[in-house]
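For reference, the structure I am asking about is given below.
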Amino acid sequence: MLTDTVIHKASGALHQPVTDEGRALLDLVDEHLPAVRAGAAEHDRAGTLPAEVIEAYGRNGVLGGTVPAELGGVGVRSLYDVAVVLSRIAEADASTALVLHAQFSRGLTFQYEWKHGSPAASELAARVLKLMAAGDPVCGGVKDHHSGVTTLTPDGSGGWLLNGRKTLVTMAQVARHVIVSAETRVDGEPHRLAAPVLARDTPGMTVLDNWDGLGMRASGTVDIVFENCRLPDENVLLRGVVGARSDVGLAGQTVSSCTNLGVYVGIAQAARDIAVAAVARRRGTPAAAVRTLVAEIDTRLYALRATVGSALSNADIANVDLSGDLAERGRLMMLPFQYAKQHANKVVPEIVGDCVTLVGGASYTAAHPLARLYRDARAGSFMQPYTYPDGVDYLSAQALGLDHDSNYMNVRAARSAEATR
Amino acid sequence: MLTDTVIHKASGALHQPVTDEGRALLDLVDEHLPAVRAGAAEHDRAGTLPAEVIEAYGRNGVLGGTVPAELGGVGVRSLYDVAVVLSRIAEADASTALVLHAQFSRGLTFQYEWKHGSPAASELAARVLKLMAAGDPVCGGVKDHHSGVTTLTPDGSGGWLLNGRKTLVTMAQVARHVIVSAETRVDGEPHRLAAPVLARDTPGMTVLDNWDGLGMRASGTVDIVFENCRLPDENVLLRGVVGARSDVGLAGQTVSSCTNLGVYVGIAQAARDIAVAAVARRRGTPAAAVRTLVAEIDTRLYALRATVGSALSNADIANVDLSGDLAERGRLMMLPFQYAKQHANKVVPEIVGDCVTLVGGASYTAAHPLARLYRDARAGSFMQPYTYPDGVDYLSAQALGLDHDSNYMNVRAARSAEATR
Amino acid sequence: MLTDTVIHKASGALHQPVTDEGRALLDLVDEHLPAVRAGAAEHDRAGTLPAEVIEAYGRNGVLGGTVPAELGGVGVRSLYDVAVVLSRIAEADASTALVLHAQFSRGLTFQYEWKHGSPAASELAARVLKLMAAGDPVCGGVKDHHSGVTTLTPDGSGGWLLNGRKTLVTMAQVARHVIVSAETRVDGEPHRLAAPVLARDTPGMTVLDNWDGLGMRASGTVDIVFENCRLPDENVLLRGVVGARSDVGLAGQTVSSCTNLGVYVGIAQAARDIAVAAVARRRGTPAAAVRTLVAEIDTRLYALRATVGSALSNADIANVDLSGDLAERGRLMMLPFQYAKQHANKVVPEIVGDCVTLVGGASYTAAHPLARLYRDARAGSFMQPYTYPDGVDYLSAQALGLDHDSNYMNVRAARSAEATR
Amino acid sequence: MLTDTVIHKASGALHQPVTDEGRALLDLVDEHLPAVRAGAAEHDRAGTLPAEVIEAYGRNGVLGGTVPAELGGVGVRSLYDVAVVLSRIAEADASTALVLHAQFSRGLTFQYEWKHGSPAASELAARVLKLMAAGDPVCGGVKDHHSGVTTLTPDGSGGWLLNGRKTLVTMAQVARHVIVSAETRVDGEPHRLAAPVLARDTPGMTVLDNWDGLGMRASGTVDIVFENCRLPDENVLLRGVVGARSDVGLAGQTVSSCTNLGVYVGIAQAARDIAVAAVARRRGTPAAAVRTLVAEIDTRLYALRATVGSALSNADIANVDLSGDLAERGRLMMLPFQYAKQHANKVVPEIVGDCVTLVGGASYTAAHPLARLYRDARAGSFMQPYTYPDGVDYLSAQALGLDHDSNYMNVRAARSAEATR
């Protein structure tokens, strides 16, 4: 049998970080992985977020993993490395990995604002990044509740009033700060996309306790309601006009979401390891179908790692190169990401399903780790930015040269604008 | 629509060589690609090898692509780069790519003998490599005809007599030199694996004209019969004893065969380009299933490139590192190769099949390029080293720690020894 | 849009019962389907068996659905019709269908004993069947707990003592009578397979409350422990000697399990209806991938119904024909059943998975009907008789003429005999 | 190993005809099956239609298989039975089965005209049917060449002039009569769909010799050019107005094409039998993947037979029932047919591909029966009425209640009308 070392070296991509900062972050993460693993079953059963682990990761610096060193963080910039780290956490507990993805993702996007944003944006980003480095969990809300658009209106004294409801906000229950996407509503001006930052104790803000997922049950993915929350202008990042089509924003959307694929690589790896261990424990010659399934699982796992790893490398290369056409940079990042996402969304549930077949009836109980992975794996299709149908529209438009707005946040904003007209 | 440049940069691995020598070889290959493309249909129809193209590639140095620069060649060492070059040729004609794979493969394995072999092996390798650099096609015969094992017996005067029949020897019809695998038969000594090198005009050697493939029809993949062919001892590379199980040889087997995956990447890419172009030419909105198929094809093509590219990178890294355990090096190279081969053998025919669906009835004629690709694509399962069933045995044995001889040449030799007992 | 009638007539098999008794049973089932549907979510959440529904079905005669009319039952004999009825129940709640499958299955196998068994067997069967017709739930335990074989030993006074533990006994919590498979242990005699029947209040019998499944959570599938349970000889059906290979028993095993496929047809249908309704409610043109998925789902559902329907018809035809070779009859029943089971086990989770993709994130909550179906669907692989690997062994042995004992109960008994030697 | 009888009884649908006429036709077909089988390889290589076999089938009555007994034919009416017969022929040679499908299909549609058409249509139908019963091959041309629509214009003396070009007309090379779809062009009147019948020696009609398919090479599927072909009015069947949407015509389109699925069932069966025989001949224990593939192939073959058999039974039942709404009857026939066609088009190439994997490199020669089946299998997607994309549009429209014209001939006519405007 191959030693673990050999398998890890040989088995495709996403096994080891490629930067020193990535390795440092992985070491910090490792410190509490036993606790993550130990609590996974109970948090899954109860549907509770492992607040104690998140706190511990705040204390040892993990929550500042993607905060630049100059601002007190670990300084990981490589998307690839973040995905490696997330895959390791997901092998222990996918929900915890999803929570940390939310944190790392904020750090990665604020890195960009800090370095390349306007002075106001850079200052706001620095403030948030320092809080993250100090151990504050920060969550982000993208998706509006079906009841309407989340809006910012002038408060009459230079600030803003935030109203609306965000849904499916991972980690909201423990976050000390919240960043949401919203649209401005200013008389006589076009609607703009904006990203206000709020402290958890902002009056008018209510974090609901309404998560009861099929899987990812420990991710605390709840709704947040905003009722006339008052914000100073310096806490709002202003972005483009709603409806102005541009592919520049695809870069930021890729950065924000692509490392999430590491979570699903970790799920597949964990399922595979459980199944192979179970089969190897059995006496006698493995049945024909068992050997075939094991070979098929390992083949797909290798292809999954290679595909996700390749997309993240593509994104890393394009991400740091601001010298050319920024719209083209956006496309160069989003396209491989979406290929890899479509691939992962299809193959991860298949791998986990075949692992259930290998382990047999013993895995068909609510508390079995493989049953948890079976439920967690299915969340992949609902991750940002594209669902399967949206992904098909996007990819086929790219291939065939069809007219298509690739910026999904823009499309959503335009859709809701139309719906409310 | 994305510019070609953008797609090439973004669309996963295996688009550009990574070494200067690789880029140089690709440039030389490009010189005659229009001729390759122009002759593909007719050579496919007639089942003839494009001898004129091979000659031209002999004159411009392509046949010495993997010969070290010190011996007059282009000096490509990267397996990844060889696969990139082969994929480009396969986009024009897969049979020609298969022929050149045979040549490049000989160069890659003889590089190793030249540098790391015994003095006798090194001298023989240098001789062959110089001939290749000078434009001689050299083919290799691995598989014995079912009539028996190919053997070397002492000729009584310090040389050897070669007898037997090799089957499915690609490029044999134009090769000026032939290297085959054989077993020694010396009284009182164990059988050994050996690789004799013969000139085309060796008395007793007959190249048959018996290729009429479903696909790869222009690859000249015929049988060679050896009847008491006399060879001097210095033309025979001696290898290990038959039945001595070792994973050291997996490295050489990987080097010899893994770049072949580039051929199938090229087939998939060519099919995709034909289908997307056909769909894009049509008026009106594409049908729902057309958009879905296009997105699925591009997603699988990206994953294919990433997976094959990853395996070749893994092999390149391990290939140059002779510092550690050589058996482990062998496993490190063969395992990813086989994952990628199983993946490619499954997905390439699927991609081509979906392209046929997109193009429709027009592609269902013998002479349509897509019909040729449909037939060529199916050859992948029959490439060395493992068939699908052998691959399942190998991969499941690796995962489950089962007893298994991974050296397929050794297994074959042992099998035939048993059969003739 | 097609009217429901048209779709039902056209959409393949398993839509309507083919016998009058089948139609009568379906009418009785319909009486409480609203209650089944209404309680499904809560019983799933709590993991409780819907005892009130089972009682109601006892009162209105459903529990005697497969009891011959002469003994007071509805008299359904057609396996096909039982599957139709189960699929309808499963559309409302799969767990309830699984529970009723256990009941109907007992009736079907006891019908045979009553008509064709020895006088003692016939008498016992008649007694049990009358109880079922009167509304008693009767469950059956096949699988031994890993702690050992369930055995019958002589009690010294003409009766038997039952010891052991059965696992995964559906409906055990409400059953008034239990039939289990066991092996006799009599000094100087070979071990025999036997089926003792016990009343629920038999001293020494304990029904555990240990079910917490990933799905099928309302099926009350628990363990039963037997400690020196005393039975009169007339309550034991004696079958063949352990290890005597025969295909005659395949008929009874098919009868006992094949109607279960109806449960999974119902699951697929329910998922499809939820997804199509959700998509049809949306405004605007459906996305390309949505149309493609809908067409693929309906195509697979049609093929599923046709395949399962065909296997049940095959079984019905062979089941009533006792004129020929009974071993051949056994094979004629089991082979199509197993083809259909392998097909259903693969395709039902795929259909439900694609329905989740269509409905989107809304279905990814613990309480969503589609999330329940996603979990329930996966139980199919664990149903009797063959798992996927055992099915592959069985089917490939049939095709290739390999030596193989097709009687899975015999194989299990032989395995445990060997393990304890 | 199961006896052949057992497998045939057990293995799903489409093994035996269900009517006496079907059995009689199968007996007649059997008379020349050895000749069909013997000539298959050579006709495939040369791309020639087996004229001698078609003649023999003319002499022994097979060409009148679907002609009513009253008009001298065998009188098969069951679509199911025609498919059984075609599957048997396809096991020997798929091209020959495709040719006979063209003949049987004409008989089936003319049966309807004879019984239910207008007096003029009935008379024309009777004339053609009697010729078929006497041994005349009759072919039908549906698809227009891309150069334009095939039209009928008044010839000024009560007859018509036919102009245009039909493409992909199976069996045209030996047909003595030709029936094509055309549109009338009469000043001041709307365009109508029409079906003129021409004798082979009609002046102005030229049958090209332009077939060189990837597969189905012996089907003589060529183009026919019509230049001012003069026809009497009684040789023209007049149908509906172009653009008048109605589902009534779906019945005739189903009758005309659905039995064709039998050809692909035969292809899958033949490939399976070759592969299983090859594997069974080998010494030693089959490899794990071999057993798995064999089980998967047999499972899919069972599901294929059941699905196709079910659709044909559905069609047979609706076909003979003219008592209700004829549009609903059309839908009831087309919907299951299309489900089965989508299923078969996907699964038959998969089965054949896996058989190639089982047999190995030996099957990768142009002349191997499995290589022929690999090429033939792919024709399924191009059979009438719907391609895969059109099928997705049709099925999703049915499920979702979308606006859609299901009559593909109407749609084509409307499309070309638009294109030429």
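As written, the chain order gives the labels A, B, C and D, with residue 1 at the start of each chain.
In this section, a residue touches a chain if its C-beta (ideal position, glycine included) is under 8 Å from a C-beta of that chain, and two chains touch if they have at least 3 such contacts.
On a predicted model such as this, the values are computed, not experimentally measured, just so you know.
If you average the Cα atoms per chain, which one ends up farthest from chain C?
When every chain centre is compared against chain C, the largest gap points to B.
Any idea what the CA-fit rotation angle from chain B to chain C is, to the nearest 5 degrees?
Result for this pair is 180 degrees.
For chain A versus chain D, what separation do you get between their C-alpha means, in angstrom?
Inter-chain centre distance comes to 52 Å.
Could you put a whole-Å number on the gap between the CA centroids of chain C and chain D?
41
Counting only residues that touch at least 2 other chains, which ones in chain D make the list?
Where chain D meets two or more other chains at a single residue, that happens at 286-292, 295, 391-393, 396.
Can you name the residues of chain D that touch chain A in the complex?
286-292, 295
Tell me, which parts of chain D touch chain C in their complex?
1-3, 6-7, 9-13, 276, 279-280, 286, 290-292, 294-296, 298-300, 302-303, 305-307, 309-311, 314, 318, 328, 331-333, 335-336, 339-340, 342-343, 391-396, 398-402
In the complex formed with chain B, which residues of chain D make contact?
Of all residues in chain D, those touching chain B are 47, 168, 212-215, 217, 287-290, 292-293, 349, 353, 356-357, 360-361, 363-368, 371, 374-375, 378-379, 381-382, 387-393, 396.
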